[in-house]
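Naming follows writing order (A, B, C and D), and every chain is counted from residue 1.
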Amino acid sequence: MQQKTTDELITQEMLLKIPYRWAAGEYVGEFLRELRHSGRIYANKCPKCGRFRCPPAPVCSRCHTRMEEREKWVEVGPRGTLLAFFVAEQSFLVPTTGDMLEIPFSVGVIWPDGAPVALWHKLEETNPDKIKVGMRVEAVFKPEEQRQANIFDILYFKTV
Amino acid sequence: MPQRVGIVAVAQTKYEAAKPRQHLSDLVLEVTDKILEETGISLIDDVDSVVSCSQDHWDGRTISSMPIPDVTGSHLRDESKVAGDGAYAVLYGMMHILSGHHDIVLVVSHCSESQTDGRIIENCAIDHIYHRMLGLDFLSCAAMQANRYMHKYGISREQCAKVVVKNRGNAKNNPYAQAPAKLSLEDVLNSSMLAFPITALDAKPASDGACAILLAKEDKAKKLTDKPVWIKGVGNCYDAHFLGDRDLSACDSLVSASKRAYEMASITNPGKEIDLVEMSEMFSYQELLWMEGLGFCDRGEGGHLIDSGTTQMEGNLPVNPSGGLLSGVPVTVAGMSRVAEAALQLQGKCGDRQVPEAKIAIAHGTAGVCGQMHCVLVLEKGGK
Amino acid sequence: MPQRVAIVGIGQTRHTSRRPDVNDGELINEAVSAALADAQLTMKDIETVIIGNMEFFEGHHLNDAMLVDYTGARGKSGFKMNTGGTVGTMNVISGWYNVASGLFDTCLVIGWEKHDEAPTTSCITTITDPAIDRPYAVGALSGLAIISMNYMTRTGCKVEHAAMVRAQASENASRNPNAHVRDRLSVEDILKARMVVYPLNLYFLCPTSVGACATVLASEVKANKITKKPVWIKDHVTVHSDYSGALFTFPGETRETSHMVAGRKLFQRNHITKPIREIQVFEMYDPCAFVQMSWLEDFGICGEGEGWRLVEKGVTAREGEFPVCPSGGVLCTNAIGDSGTLRVAEAALQIRGDAGEHQVTRDVKTALASGYGGSYWTDLLLLSKTLD
Amino acid sequence: MKKMGQETANKEPIVTPGWIIMPYRYSVGALASKFFVELRDNKRIIGVRCSECNRVIVPPRSVCNKCFRKLHECVELDCKGTLLTYTIVHYTPSCEWLKPPFAYGIIQLDGADTGFTHVLGEVDLDNIRIGMRVEAMFKDKRQGNILDIQYFRPLAGSL
């Protein structure tokens, strides 16, 4: 067979779309229900070593002690202190939805009043010059009738 | 004699078609805590390393083992993940101990098939250059293997249906089983055809669950339980990936894997020396084909073996007393749950599904299209 | 019986941003063939194949089985690892376990990633929990940005020091033909780059590369027959963190990261009291300029706040007293599944004296290689020229 | 003190629906490119020969998985072959364009030593026989991927 030297290099495009229904589990589920019903953010505390978890968890990740009493959940926030932040100026494809990220998009890591935990959420302020580590922020919830027991029930954290 | 590796305790969740109340970390926590209750050990002080097995595609997460350290006491400790099948995590945990690097290893596996669409996940495991666009998945490929195998050796659909009736029947005595059932051959033959010759009942149902096994070095195993189960032999092997590269009526990689395991366990006549088999049969024809691969009968004799009743509970070589995968066990957990069930048999803890005086058992895990990779473990009853 | 394990063969591909001329398998096969040639072995001499990467970067589920034609694993034992950024070093550690357990005498270890097939940041974002923090993750940049800011506030390190680290890396990479980004950069060029995620500008972060690295491991008995330059894997330690990754230290808590625990454990049980003296080169997994300095301290190579001072004094340069990443490191080359294996391979090349232009000036007997990934996970390996 | 399980047992479990959506761009490599260019431009199926094992491998790969040699020598293969095995699929697969019931088959192309997997078409699903002779049918509009072959159909007069 005559070797026609073909240097055309083929690339093939394939779009992967996998549907998921991720189970949140009892503890994260109850955390999200509370966002919807009471508009409150909850954490729980290890009875043995005192480490907090937000959202609440069934077991302490440090000493493996079970944390099963619902009444012992501690309300945290809605205000808090900013531990860290990033302002994404470059968009990228959001894998869960397939859309491009609307930018500028700023994310804060918030230390809510009441428990030494770190909660990642959206910041209203997107101008990096107006965001400082250590500044005070507050959770802004959707109106109750629009809440759906998911993390978006908190719209964002606004600067206080 | 080098230090042997012992199975000290095993734990399984109930396998169910869907577990919407449990995050993957909850599944692993459930089986981890069952191990702690049974052995009384502390995760932080006694367990040296944790090996998990899970699949990024099935969990919908890159590095899907990231929630595992939280529930296995692995903060600032040794933890790692293998992919493929749970039996490989047992193999890797065993290596942790044989190498002298660790003494006690917890191996865990989980999967929630109900979370996603298995056909798309399996399609992602098929070669992307020449085959993926054709829409192939493990079911359609297995159907082509079944056809080839049954055509070449005259295996009948009734013989395959007998496997389903046996396993779903055995599952009635297994509290962990997802779908025990009293079926007739006609039920299986007449259930809806998925991909000729595989009907709905010929195929493993989708399932959610988790499994955990505690491994220990010989001296520590003897302290932790009076019924240790020794891992006497292990062997694993890959086959070719392209279906056209293989004789689909055979399972060469299972032949090599079991040969290695038997050599290590100095087993010369599997048919005589082995008391029971817990294997990973995703489809009914596979139990017949894998029995040939494991050396319990000659090539093409799988049909006669099921006809002979040898592999029934009352036969002299019960296969899948637990009900096997056909009664519903999640992928990834499959291979590890075979090791767990085989160990329970050798510990005499199987209640109604107990095989009397079982001394040596085979546990088998597989992954990939048409059983492309196999892992075989030979377990031996320890203690008095 | 537990066996001692040596690296007897090393192979890697040229790392670039795109390789349209090869598919995934062919990329891997380039590194495998190079490693076998280096060890003067054929595939028949290999008993088991350990491979690892993150499946979603190329979209292949069970890709160890899918690529057996190219990895040579058909008819052989082996399985796949997946531990995030540390998978490269975990491949080598898994290979060590395969041989040290006595089950096998030779093992082929493969780390690879082909980042030109899918958007990398989008893939990394899927490491998060879908219900809670996936909408707020910006790939791996978020974690690195936190660690960098934390280091600056803790020790007074300046942006200029990070620029020095990156300049040094560019000097090393310019001497390494297999590195991806090889152009020499001055501190000024680096400080002018555009900001990606404060405080990390483009040059403070690693590129996304295409590449593969393979190493052949052998038991003691086999190793001395195969090569006159075996590199012994003396010890390794793996330390993972929980999901929070101990990124923040709250009042009343003492800061303890997985790197600190790994360094302490490894040095203690190998009787290393002054690592900066007793170890001659460190191929660190450094995905960001700041963390290279922060982690020199965390690993216990130097005290708190001394990391950036070492850089200032040129101690960590290729010709310095304690060279760090003479290959250019992850800062100049990052195919995530391959980077960890590459760190071990490059450290081994330094011990063998085969690193060519980027060989360090010191005589190397003992080397360190590290892996980072997941939620602040660590692998740390100690390699040495001799067994004692 | 009520445990979590009792507290939430009667409540609906919270489930997060979502996707993983990822666009992939695969470079198929030099040898596979040659295969697809031949399909697209010349409606030809090529394999690759391993002289060491004296085998012709299709679809072609640049490494022989028996002797691990690099393979370059392309061989043109006939588009006809013998059906090694098949299945009839009654569900919608992950690529929606294939409507059930349809058939897959593995075909031993004349002159090749490995099977070639593809879709069967223009065939009476009840009369597919292992061993029957089939031939490749090409699409009119071809794009350089495996779907340029539309399906394999029974050779006239071979039933």
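Assume a residue touches a chain if its C-beta (ideal position, glycine included) is under 8 Å from a C-beta of that chain, and two chains touch if they have at least 3 such contacts.
Being a predicted model, the structure only gives us computed values, none of them experimental.
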Given chain B and chain C, the chains that contact each of them: A, D
Relative to chain A, chain with the most remote C-alpha centre: D
Inter-centroid spacing, chain B versus chain A (mean Cα positions, whole Å): 36
Rounded Å distance between chain B and chain D, as computed from the means of their C-alpha atoms: 28
Whole-Å gap between the CA centroids of chain A and chain D: 41
Two or more partner chains touched - positions in chain C: 20-21, 23, 56, 59, 68-69, 74, 119, 122-123, 126, 129-131, 242-243
For chain D, residues that touch 2 or more chains besides their own: 13-16, 18, 20, 22-30, 32, 65, 145
Sites on chain B at which at least two other chains make contact: 20-21, 57, 60, 69-70, 75, 117, 120-122, 124, 128-129, 133, 240, 242
Chain-level touch network, classified as line, ring, star, complete or other: complete
Residues of chain C defined as touching chain A within the complex: 20-21, 59, 119, 121-123, 125-126, 129-139, 141-142, 145-146, 149, 153, 195-198, 242-244, 247-248, 250-253
Complex contacts: residues of chain A adjacent to chain C: 9, 11, 14, 16, 20, 22, 24, 28, 32, 55, 61-62, 83-90, 92-96, 107, 109, 111, 116, 118, 120-122, 128, 133, 150-152
Residue ranges of chain A in contact with chain B within the complex: 12, 14, 16-26, 28-29, 57-59, 61-64, 66
Interfacial residue positions of chain C with respect to chain B in the complex: 1-2, 23, 49, 54-57, 59-62, 64-69, 73-84, 90, 93-94, 96-98, 100-103, 123-124, 126-130, 237-243, 246, 256, 258, 261, 373-375
Parts of chain C lying in touch with chain D, wherever the complex brings them together: 19-26, 29, 33, 42-43, 56, 58-59, 68-70, 72, 74, 116-119, 122-123, 126, 130-131
